[in-house]
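Think of it as A, B and C in the order they're written, each chain with its own count starting at 1.
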Amino acid sequence: MSTDVVIRAGRAHASGDRSHRRPRPKRDPGRVLRLYVPLGLYLVFTLVPFYWMLVFAVRPAGSTTPVPWPITFEHFETVWNDIGYAVFFRNSVIVGVWSLLATTVLAVMGGYALSRYRFRGRTLFMVVLLCTQFIPGAMLLIPLFTIFKTLGLINNLGSLIVADTVFNLPLSVILMSGFISAVPFTVEEAAMVDGCTRLRAFLAVVLPQLRPGLIAVGSFAFIHTWNNFLFALMFVSRQDSFTIPVGLSYTIGEYSADFGALAAGGVVAAVPVVCVFAVVQRYLVHGISAGAVKG
Amino acid sequence: MKRTTAWAAIAVLAVAVAGCGSGSGPDSEESGKTTITFWDNNGGTRTPIYQELIKRFETANPTIHVEYVGIPIASVQQKYDTAIAGGDTPDVGGVTTSYLANLVGQQALEPADDWLGKSAVNGKLAAPMLDSVRDTVPDGKLYLVPGTSNLDVVWYLKDKLPEAPKTWDEFFTDVHELTKAPDQYGYTIRGGAGSIFQVLAEMYAYSGVTEFFDASGKSTVNDPKNVEYLTKLAALYKKDTPEADVTNDFPKMVAAFGTGKIAMMHHNLGSYNDQVKAHGADKVGAFALPVGASGKRTIVANPVDGFAVFKGSEHKDAAWKFVEFLVSKESNSYWNQQTGQIPANTEAQGDSWVTGLPHLKTAVDALNDPNTAVVSPPYYLPQFSSITKADTEPLFQKVLLGQMKPQEFLDTMAQKLTDAQAEWKKAQGG
Amino acid sequence: MSSLRRRAVPYLLISPTVALIAAFLVYPIGSVAYYSLQNRNLTRPWADGFAGLENFRRMLFEDELFWQSLGFTAKWVVAEIGLQLLLGLALALIVNESFIGRGLARSLVFSPWAVSGVLTTGIWILLYTPGTGVLRFLGHPETAVLGNLDTVFPAVVVTELWRGVPFFAILLLAGLQGIPGELYEAAAVDGAGRVRRFRHVTLPHLRDAIVLATLLRSVWEFNNVDLLYTLTGGGPAQVTTTLPLYVAQRAIDSKDFGYGSALTMAGFVILLFFSLLYLRLSRFGEDR
């Protein structure tokens, strides 16, 4: 399904990506050793666990064969219908997307300020951002809960979006400032000399070059939100507002050791993110404009 | 121009919050309906059972809407603690006596004595379970209405073990004889999360000690007979049981048993469905923990699982109505039949399916035997669950790994329990 | 545009972030600091009240597990970050080459990043548990890597690498993309070999990305609770208990919030000290 899209995307870049159009010997025997062997080994390491999860998800309970045949979809039916993944999935998408948008926009703003301005309080701001990462989220649950309750943000997806955005932000701002710093300021200046306002210069010149960074930070925000169990369970007390991690925790616990359902839930949790990421990862490569930059 | 970015960002955030906030707020009081929230303390596999019961309840009580929330069992205490601290508790919650003292200590629950006194189910709930609930709290009130009871049993594969052992000596002989490492093991030890409770149940069944504290308030956990049992058990590890046992929590243990390479596994009635799913109902049997040298069957009382009305509820009468419904004969019978446990409702206990399920009959027979002694663990100690989990589970792993002597381990646990008991007594002013 | 307005721009840009952090993080973190000076234990409500520095005294002088967990945390962070950086850099360099199927290869090797700690545990438990796992196909039917004191550390490290390496690889790949191709061409013209090009072009350019990634990731691995909590629960016999895991055991499982807060503050101070030291030593963000 999505694989051929990916392959096409990969090919498109292999030819279109300027930074890789440097001269390279055609038949390099060292290339196999340097490139394909480690890559192959790493792929095995990456894929075996996924394969194992898939095996558990599609083979009947009680079976122990390493190659499942015939396959069954009973575990998927269990998680999707009985456990309620259909609803959890929708909620996870909503929370993930909004948190991604909010985090990325705010991170670009904050990151730009950190990277391009030397203002009073800049170091302090950096350190505070960093400090927020020093405390495990579990210790902040009760005071956070109290704040959300005061603001009327309990029991809806909004509270999850806000909480996840807040927790994604510090890292995202710091990361983004790094990516913005990597884009030479001279490019922006040149545009401003041409009569652009600073905002327009940013949007027209810097933003396109930030694409790899935006993808990295955006997927970071989305994935963290997608996977956050603790907030999802603690800030929401409505069955129809739970997200996938809560569903996952249903399948494994005292009185339920349903590895088939766990694995099927895992597939539902992982596959969309993996697929979306498979598609967007091609933007981790600079666009054509990147070649125009003079370092 | 620059500010537009900021405004755009704020607008996005606002839309994000508003867009999702609306429509998912509590839809209470629509058309005069009362909405109550029910938290299931073991959400997941048991969710469909409650959904069915709620459907039946709402048909019988059209003015009440029950909102089901399934809390994963591993996080239920944290969820309650957070909700209580934030003042956002449900109307009805599934609660067990293992954390009842904590909830009552936080003044979160409403006693049900008055309601029960006027109710049709009054007198129909098993007296030992009611006593067990009342004994858990200092004021002796009924903060939890029992729904089910459980019993430790040993599940075994019938093709490996034709006849269940009656005594511990027979048990150890069987374990040894059934082991053909590494292809087959006679037994599996729970060494990970939840280990201590099972070890306690085994030790007291072996030693026949019937009180958790002696007259002077000292814990009996390190009774010489208990130490003797633990020494025997620890000696099995890696010889007659798999190496993986040291990290066995429930899912891992059940998975190991599910491979069919392990003959016996100690858990309780509640895992009936897992055993059936893995092996088929006719392949797996259960026996109550064997009898020790005293010749008297000794059972460590499992926590009582039931339902509590929360103090913060704005619809306490509707909440009680739901609790009453859940423990009524029909509902209680349905719930326990689905899970394979013992109903709290004595009328439901008489239903034919109870005697029809062999494992349940074993359990009921063991419980009803007049010769059976019941040891009540101090669930009333708020520290009990932390002592038997976070404090001592890692130490038990040390015992299995040979880093700690059974005697030292039990002395440590006994000391903690004795201290906690003394401190609690003092705090109660007694 | 007036200089006043010009000077206001950065503050305007950071204001939403500052507002959110002030509203939702400063007070909760402050409350942890407050509770670290209190006796607050749900299982001993009668003893609640001001404790002064008692929690810290207990932690520093009486609690072996605190020191043990600190030692393991150091071992854990160093092993994870070292290996993640090494493998992540190698991976980024590999998938930055052009070859057929690169897009697919990237998608695949990056994909574990999208998997949560809890699910990672779920998957790896299936792999590691003797009855369900893959080791039996390698001739070790009964090896319980998570239950053996000699193998549990490598086992948990590998599990976290599976999901952690892609993060490094993605950040470093994004960094590699920022290196203008002309630099390599110039270096090649000067006759620089592959190794020299890497040392003199790639590494200096990646410096900030590496510093950031290692710092953020160290903090993250330090505070990473979900994977270890679910995979080993800190065991067997506490040998894989990190400080934050120990915090969770005290504050959440044992409901001793006061003491858990004191432990949290200890972690906070340690991280603050090392972060500042690291930033200073790495001269992060300084132009050369």
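As a working rule, contacts are C-beta pairs under 8 Å (C-beta built on N, C-alpha and C of every residue); 3 or more make two chains touch, one makes a residue touch a chain.
Each chain and its UniProt protein: A, C = Transporter; B = Sugar-binding protein.
Because the structure is a prediction, the values reported are computed rather than measured.
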For this structure, which two chains have more C-beta pairs in contact than any other pair? A-C
Taking each chain's centre as the mean of its CA atoms, which one is farthest from the centre of subunit A? B
Centre distance in Å when subunit A and subunit B are each reduced to the mean of their C-alpha atoms: 38
So what's the Cα centroid distance for subunit A and subunit C, whole Å? 16
Quick check: what residues of subunit A touch more than one other chain, meaning two or more? 64, 106, 109, 142, 162, 165, 249, 252, 259
Tell me, which residues of subunit C touch at least two other chains? 9, 13, 16, 131-132, 252
Subunit B touches at least 2 other chains through residues 2, 5-6, 9, 13, 78, 81, 251-252, 255, 258-259
Considering the complex alone, what residue numbers of subunit C touch subunit B? 9, 12-13, 15-16, 42-46, 125, 129-132, 141-144, 146-149, 232-238, 241, 249-250, 252-256
Residues of subunit B touching subunit C in their complex? 2-3, 5-6, 9-10, 13, 77-78, 81, 102, 105-106, 181-182, 191-193, 242-247, 249, 251-252, 255-256, 258-259, 261, 382-383, 385-386, 389-391, 393-395, 397-398, 400-401, 403, 423, 427
Any idea which subunit C residues touch subunit A in the complex? 7, 9-11, 13-14, 16-18, 20-21, 23-25, 27-29, 31-32, 87, 90-91, 94-119, 122-124, 126-127, 131-132, 134, 137, 162, 167, 170-171, 173-175, 177-185, 188, 208-209, 212, 215-216, 219-220, 223, 225-226, 244, 247-248, 251-252, 260-261, 264, 267-268, 271-272, 275-276, 285
Contact set on subunit A toward subunit B in their complex: 61-62, 64, 82-84, 94-95, 98-99, 101-102, 105-106, 109, 141-142, 145-146, 149, 153-158, 161-162, 165, 197-200, 233-234, 237-241, 246, 249-259
If you look only at subunit A, which of its residues touch subunit C in the complex? 3, 6-11, 13-14, 17-24, 35-36, 38-39, 42-43, 45-50, 52-53, 56, 64, 66, 106-107, 109-110, 112-114, 116-117, 119, 122, 125, 127-136, 138-140, 142-144, 147, 162-163, 165-166, 169-171, 173-175, 178-179, 181-183, 212-213, 215-216, 219-220, 223, 226-227, 229, 245, 248-249, 252, 259, 262-263, 266, 269-270, 273-274, 277-278, 281-282, 284-286, 290-291, 293-295
